[in-house]
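What follows is subunit A paired twice: with subunit B in the first complex and subunit C in the second.
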Partner chain A sequence: MNIAEAITSGDASLLPGKRDEDWRWTDLRGLIRQIPAASPEGRAWAWESPLAGQPDIVVGVVNGRGSSDLEVAAGEEKFVAWRFLSTAEAGAHNAELWVTVGEGAKLTLVESYESAAGGYLANTAVNIRLAKGAKVERIVFAADHAEGVSVVDASVELAADAAYAQTVLTHGARRQRIETRVNHPGAHAQVRLDGAYLLEGQHNADLTTVVEHQGVDGTTTQLTKGVVRDQSRGVFQGRIVVAEGADRTDARMGHHALILSDKAEIDAKPELLIFADDVQCAHGNTVGALDEDALFYAEQRGMPEDLARALLTAAFVGEVIERIEHDAVREAAQAWAAQRLEV
Partner chain B sequence: MAAVKQTVEHVESLEKYKHGFVTEIDQEFAPKGLSADIVRFISAKKDEPEWMLQWRLDAFERWLAMDEPTWAKVDFPPIDYQDAYYYAAPKGKDGPMSLDEVDPDILATYEKLGIPLREQEVLAGVQGAPRYAVDAVFDSVSVVTTFKKELAEAGVIFCSMSEAIREHPELVQKYLGSVVPVSDNYYACLNAAVFSDGSFVYVPPGVRCPMELSTYFRINAENSGQFERTLIIADAGAYVSYLEGCTAPMRDENQLHAAVVELVVLDDAEIKYSTVQNWYPGDPETGKGGIYNFVTKRADCRGDRSKVSWTQVETGSAITWKYPSCVLRGEASVGEFYSIAITNGRQQADTGTKMIHLGANSRSRIISKGISAGKSSNTYRGLVSAHPKAKGARNFTQCDSLLIGKTCAAHTVPYVEARNGSSVFEHEATTTKLSEDQLFYAMQRGLSQEEAVQLLVNGFVKDVLQELPMEFAVEAQKLVAISLEGSVG
Partner chain C sequence: MLSISNLRAEVDGNEILKGLSLEVPAGEVHAIMGPNGAGKSTLSYVLTGRDGYDVTGGTATLNGEDLLSLDPAERAAKGMFLSFQYPLEIPGVPALTFIRTAMNAQRKARGEPEVSAPEFLKLAKATAASLKIDFDMLKRALNVGFSGGEKKRMEIFQMAMLSPRFLILDETDSGLDIDALKIVSDGVNAMRSPDRGMLVITHYQRLLDYIKPDRVHVLSAGRIVESGGPELALELEREGYDKYARAA
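For the complex of A and B:
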């Protein structure tokens, strides 16, 4: 069940499938009978930032090739855009990114997954290490091709007093999984894991998170929102583990989704696995249509129904986007949502 | 410190499991082990018709081809299916008999458990006290069923499964295995092959069953498994409330209890199914012994506006692994699940429900309260799903877990699958420890720590307790207290 290995070896049976509990709703083995050929080296690419606020560094990785290390020295502050591009029609590639953030350093990392071709199978491993008191905000724009298959698996290690915040924004793909695993030391470290998926057509998106609280005094907050239309399918799996002795953990998880079509689907599994007693853990999960009362109120004020629906949907998703701390990125995220929701 | 010592001594002296005695009676066993011959033996013992034997043998064939599931959050050594008796019966005539023929030791057992088997005793009780009919299952056979005459007058059939196979084959053939198919899962399939007895209830159209029905299961024989099978059918517009209770002696070996319960609910009918499960939980210190309670319970709400309400108080068993489920097929059908699961010592529980919405405007409600203490582990696992046709389906789920002590674990694993645009599913879950402030407040008012914990726990589970039939609510409340004895301090 190793995607990187499946791609290098060309052995499709190594892909995870619905018989693997953590992949029950994102079946890659059933979808991909044969691993595509390795993607060729990509053409040079004009690296421009997708963002208004100019990042300090813009790095491009084409078909898995390119720089893969990022280091922010102790006390430094950096704003970095990392763009992963898939250009090979029906090609498969692995990419990797190693990020180390020194003591007291601060990093805003914008990762974007873009494409100039469909039918690819892309697998990206992201490793992020935060030293004591480091602060990272990671924003993922997953703009995969409708025919692409993409897996992004991030593993995050925090030291004491570190703060890690993340927002994943996606419109899905043929199959797409964005997984984040956080090793939480407790010790006044803070984790925020947010996400928004806005899906149409036959797109799929799977947002999976695992947070393991290993020590005392850790905080985790999570808010994921989704909107699915047409025949699209959104998956949310969130697991919070509180190890024995990880007392005074405060963990809260929310997942809320709107289904705007009878052919769309939402699958959710918010899990709490608790082995310590002095904890505050909660999760909430709601799935449903737009609130009829709110719609009625808006229409009664003279708003056309379409606009009322669009505004209510935008407000629903807006809650996630507003939590992005970096101003320029938040504005880009707002523009992304507005475009998708046609407000 | 004297007070602390006193508390410790007091707690140690408490009778932890009061149903742990063994009844010495002559019993008849099938040879140890499991084979097609044993299946034939059981079927022959019960004087079953050929179709029933064939059904069992088919199930056994399929079971041989199946793998034991491993996905639950429970941990136990592999079960040797050949090292158990699949049939144990008190010697004498098979099947329910008149009370005079029942071995007095068995009667004494039920008396000791507080289960009234003599109708006149029930009737002689406090005037106006609720009456309920009992089917008493002792190891593999039903020993007696009370109030049959009165129930028959109302048209209600309440008898043991073996009797139903003989007396009402058309009903059994029509409904048996229609809710839980033979090869549904490993344990259900095993049950289909070797099930011994259980209750059968049929409530005819428009009849409100005149009294509570109850089955009391008792495992007595050593090294035996209990595989009961219960089938309840509520025909159009009927209503029945059914309660099951269970106990077993204290033993060092683990015993397997793999039951199947099927409920069929037709138009406008309602079944209320309550369980007070108090199998022997094993030794709290060493974890030795105790029952493996691997049970498949499912209700099929076939009719429009049909309703099923599962209420369970799970305090016993070394391992509880069960998910009473509702298939909400009928339009505007309703499924409810109220559960209290308490684990202490080294118990493990992985329990919850499935609400499968197939019919338009079907509704479901899940209230689950898990309490873990000692070194135990308690998991809520549940599924709520809505089919594209289940327009307007509605679910509300609340799962709360309470942790008492540093070494226990509480898990919540809900699955939600929504496949249409008009369903509304809400789920909330919390996990916390007993509030220090509330404990302090209660103790400051003069309650002992044990009493204070009991008070808070009873408040925590109140939402579920009030769904139990009245006469059992009291018993359940006591059970909650007993299960948690010794868990604080």
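For the complex of A and C:
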């Protein structure tokens, strides 16, 4: 099972499918019978983001072609946007991004996935290495085409005292998997892994995270929220592993989703695997409808039902967005959510 | 003002209100007292249009306008306000945002212009001060983590901000200590006016020491079984609801 190799070789049997435990809800092998031809070269377009003009560096990677290295030297502070664009109708491409953040350096990375045409198969591997005391906030805006298939697999290595925070915002695609694997080999590392998926139509989104605590005194907090309408489908898989000796780990995972139609679906699998003794771990998972009591309360105060529903739904998702630390990015995320929730 | 005639309503197929009639003229405060299960909260939900409370007969009008055909938000825009026995927590929505959204929705329904931000803030600050509410509390998510007393105070705050024409207070004294009861009652009393009516629903007489009713009604088994002046509340406090329960 290897998506990059499947794309390079054109061998669809290498795609992960429902027989692979971690992919059983995002069956690519069943969906893609034939790997599309390699995507041709393409041209970038202007960045349609409220953030345009603000980052220190903006890099565009089109159909897998473009720069793949980002280095923030020790002690530096950078605000960077990395745009992954898919322009090809029915093309397949691999892209990579290698990020190294030096000792005590600080990086805000906005990663966007954008598309001009559907039918593509895009696979992106992101590798992020944080040196001692480095701090990274990564925000992913996944704006794939309704007919696109996209996989983003990020691998994050934290040295001691590093801090990594992430927020994935997605409206899904035909199939979309955004996976993050974080390794805490050092001590005292801090991780926040958040996400929001707002799906409608027949969109799918799969947010998968795997966090391994191998050093002492590490913390992980996770909050993912989803809203699914129509016939859309959201998947959340969160696994936290606390290795033997990773004492005083504090790990908390929350996944909460609203199902706003009978035909929408949520699949969730929170897992805590704990091999150390002295740890604090907790997870919470809820899936349901809007609280009818709260809706009546808002209506009684004068809000028509649609407005009350929009306000409560926006508030539900807002809890994730408020945790974004970078002010301008948080505002862009609020605009993103408001547009999708029609507040 | 509020006129209820022979009102019948059921919940899950069980008839709870069985021909209730009541008139609350403008400028008056009426109390509804009654044993648990008499239909007190049902009456408040039927008047405000909650789902699941099905009217099977009778009428309810506010200033001659039919209430029962309107949805809850339309009734609110006409001036109906219910202070909840158990106010809801609204995570993620600051109290000020919630109230401003409600206020503008009501104004829009009435064809009035939206409230401006400075105008709204000025009103909120003055109202908070009069109810001894810390203004910072209004920036927090509505009722989340608030004590029972704080939640009731927030109900009165919303009531004062929205300035409704008719108030229903459902067990507003429950969960209040004596200081909070005084603040809440002062807030309610400040809203008494010749063109506003109030219905105070309570199990105990205590609240009526602070909010003096013009009339007291006893609700038992879905109907008003006795009406009188304020002295009726004192009699109920002494003698309990037994005789009405038997009569019903």
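By definition in this document, the second predicted complex is superposed on the first by the 333 of 343 C-alpha atoms of A that agree within 3 Å, B and C clash if a C-alpha of one lies under 4 Å from a C-alpha of the other, contacts with A are read in each partner's own complex, and residues count from 1 in each chain.
Please note the rule applied: a contact is a pair of C-beta atoms (placed from the backbone, for glycine too) under 8 Å apart; a residue touches a chain by one contact, two chains touch by 3 or more.
Since the model is a prediction, treat every value here as computed from it, not as a measurement.
Student: Check the contacts made with subunit A and report whether subunit B or subunit C touches more of its residues.
Tutor: Greater contact footprint in residues on subunit A: B.
Student: Check the residue A:G91 against both partner chains and state whether it touches subunit B (first), subunit C (second), both, or neither.
Tutor: Neither partner.
Student: Tell me which partner A:G226 touches in the superposition: subunit B (first), subunit C (second), both or neither.
Tutor: Touch partners of A:G226: none, neither subunit B nor subunit C.
Student: After the superposition on A, what does A:D278 contact: first (subunit B), second (subunit C), both or neither?
Tutor: first
Student: Counting only touches as set out at the top, which of subunit B and subunit C does A:G148 meet: first, second, both, neither?
Tutor: Neither partner.
Student: Quick one: is A:A294 in contact with subunit B, with subunit C, with both, or with neither? Answer first, second, both or neither.
Tutor: A:A294 sits against subunit C, while subunit B stays out of touch.
Student: So, A:G186: does it touch subunit B (first), subunit C (second), both, or neither?
Tutor: In the superposed model, A:G186 contacts neither subunit B nor subunit C.
Student: Report for A:G195: first if it touches subunit B alone, second if subunit C alone, otherwise both or neither.
Tutor: A:G195 contacts neither subunit B nor subunit C.
Student: Have a look at where A:G302 lands relative to subunit B and subunit C in the superposition and call it first, second, both or neither.
Tutor: The second partner, subunit C, only.
Student: After lining up the shared chain so the two structures overlap, which partner does A:G318 touch, if you call subunit B first and subunit C second: first, second, both or neither?
Tutor: Touch partner of A:G318: subunit C, not subunit B.
Student: Need the overlap of the two footprints on subunit A, from subunit B and from subunit C, as residue ranges.
Tutor: Overlap of subunit B and subunit C footprints on subunit A: empty.
Student: What residues on subunit A touch subunit C, complex-wise?
Tutor: Per the touch definition, subunit A meets subunit C at residues 291-294, 296-305, 307-308, 311-312, 314-316, 318-319, 322.
Student: Over in the complex, which subunit B residues touch subunit A? Could you list them?
Tutor: It comes out as residues 71, 388, 391, 401, 403-433.
Student: Under the touch definition given earlier, write down the residues of subunit C that touch subunit A in their complex.
Tutor: 48-51, 71-73, 76-77, 81-82, 84, 87-93, 98-99, 101-103, 105-106, 109, 141, 158, 162
Student: Spell out the part of subunit A that touches subunit B in their complex, as residue ranges.
Tutor: Going through subunit A, the ones touching subunit B are 21, 244-245, 257, 259-289.
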